[in-house]
Amino acid sequence: MVPLAEIRVPARIENLHALIETITGCARQQGFDQKRIGEIDLSAEEALVNVISYAYGGGEGEVSVVCGLDDGGDLNVEISDSGAPFDILARDEPDTTSALDERQIGGLGIYLMKKLMDDVQYRRIEDRNVLTFRVLKKKD
Amino acid sequence: MVPLAEIRVPARIENLHALIETITGCARQQGFDQKRIGEIDLSAEEALVNVISYAYGGGEGEVSVVCGLDDGGDLNVEISDSGAPFDILARDEPDTTSALDERQIGGLGIYLMKKLMDDVQYRRIEDRNVLTFRVLKKKD
Amino acid sequence: MEINTKKTGNILVVSLKGRMDAVSSPGFDGNLLEWTTAGENNFIIDLSALEYISSAGLRSLLSAAKQIKARDGKLMLSGLSGAVQEVFKLSGFYSIFQIFASETEALQSV
Amino acid sequence: MEINTKKTGNILVVSLKGRMDAVSSPGFDGNLLEWTTAGENNFIIDLSALEYISSAGLRSLLSAAKQIKARDGKLMLSGLSGAVQEVFKLSGFYSIFQIFASETEALQSV
């Protein structure tokens, strides 16, 4: 993958917008339309907020993002951290049907990302959690 | 210098906010007050907009930012590009006194950064323009 | 996110504008606590100027609905469009909220 | 940056809100062109809700002042505070604009 953009910052909420905008900046450059950029924006937030909230327990750590085009010209976004191994994709689907009283709070983030992105993968590479999502290039 | 945060993206205006927020994110983490963060925000914009507008003529190129603490614990922000050598600090001071009709448009960006940051340096390192500004840590 | 309120009869109309994300949602939670502490019980949350909502925003709205219901209050949403509408659909949120096309229609329903 | 306008007599009052930076200033330049093309000649630009201005914003305001003067129009600024005030001082912009504490005072001056 040819990297278009990279960022590495402390996994803290004050860096969320810098991280997201690095990703949406790549998407803009690839000419995705407003709607698709909004979906990439959302998916990026969901993945990043999980790293920021959970990857390092209460401690400090960093998060890296690399965006690039794969051989097929599709946009790949790779989000990684060096926290404890955790496969975010292994979770059950959240409740999206029950009534207000029974509806559980939480668990929607990863679900939305999986619904909106074209392909989402988790890998443990050396001591890092690597979440990758792919956005198919727009058809002309 | 221990890097706190790094970002490398295409030198394009759609990446300006990601770049600036990487820098202000570092500043927030160091506990600078709102006013000082605003001054860092402005100085970062001025330096970055110049790279985006001029460093690569009409062509494509990248811009990198590294933030970190130096040995004295002060915040250092390093902005670099691989464009043609250009010492931005060598320019004359802009006109800040004449009346409307005589007032020249432009040239204020670098001037504001020099006024607001504690130390600004330009170096050509290998094939890169490296602009560094320092923000003294807040006194307790 | 910008939060504006106005009182119409015994209903607090809350307009949300901009991004309701992990950075801005805690501010909404804090405001809700102030409103309910001040005795507000009936709410219209108008989302017509909301451009973006993430799961953090959904969490805040769901938690608001649960709190207001527990107090026997009323919560209506209005003005969903674009990305906000899409996220509500994907999350099955249409079935748990009373949702109106506009603030006016929500007001007329009471 | 949010740009709102209202007409008071023969004066167009333009309120700027948020960040006037290299990303948002071109939008202001475009609007100014529309206003002058539509025949507007007298302006109050109220900066009381402007939180941030960079040299790109200063450039737009200076260019606006030059254009309006060339048309024998009138430009007043109002409501500068905080960071905006500081940047105006450093740039010597107080001496080239007519500046009022508030929109009301600017309106009263004419």
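By written order: A, B, C and D. Residues from 1 in each chain.
Note that a residue touches a chain if its C-beta (ideal position, glycine included) is under 8 Å from a C-beta of that chain, and two chains touch if they have at least 3 such contacts.
Since this is a predicted model, take the numbers as computed values, not measurements.
Participant: Please identify the chain with the largest separation between its CA centroid and the CA centroid of chain C.
Facilitator: B
Participant: Just curious, how far off is chain D from chain B if you go by their C-alpha centres, in Å?
Facilitator: 26
Participant: Using CA atom averages as chain centres, what separation in Å is found between chain B and chain C?
Facilitator: Centre-to-centre distance between chain B and chain C: 40 Å.
Participant: Where in chain A do residues touch two or more other chains at once?
Facilitator: As it turns out, chain A has residues touching two or more other chains at 17.
Participant: Would you mind listing the residues of chain C that make contact with two or more other chains?
Facilitator: Residues of chain C touching two or more partner chains: there are none.
Participant: What chain pairs are in touch here?
Facilitator: A-B, A-C, B-D
Participant: Quick check on the complex: what are the chain B residues that touch chain A?
Facilitator: Residues 3-10, 12, 14-15, 17-19, 21-22, 25-26, 28-29.
Participant: Please output the residues of chain D touching chain B within their complex, sorted ascending.
Facilitator: On the chain D side, the touching residues are 21-23, 52, 54-56, 58-59, 62-63, 65-66, 69, 82-83, 87, 90-92, 95-96.
Participant: Inside the complex, what are the residues of chain A that reach chain C?
Facilitator: Going through chain A, the ones touching chain C are 13, 16-17, 35, 38-39, 41-42, 45-46, 49, 52, 95-97, 99-101, 103, 105-106, 108-109, 111-112, 115-116.
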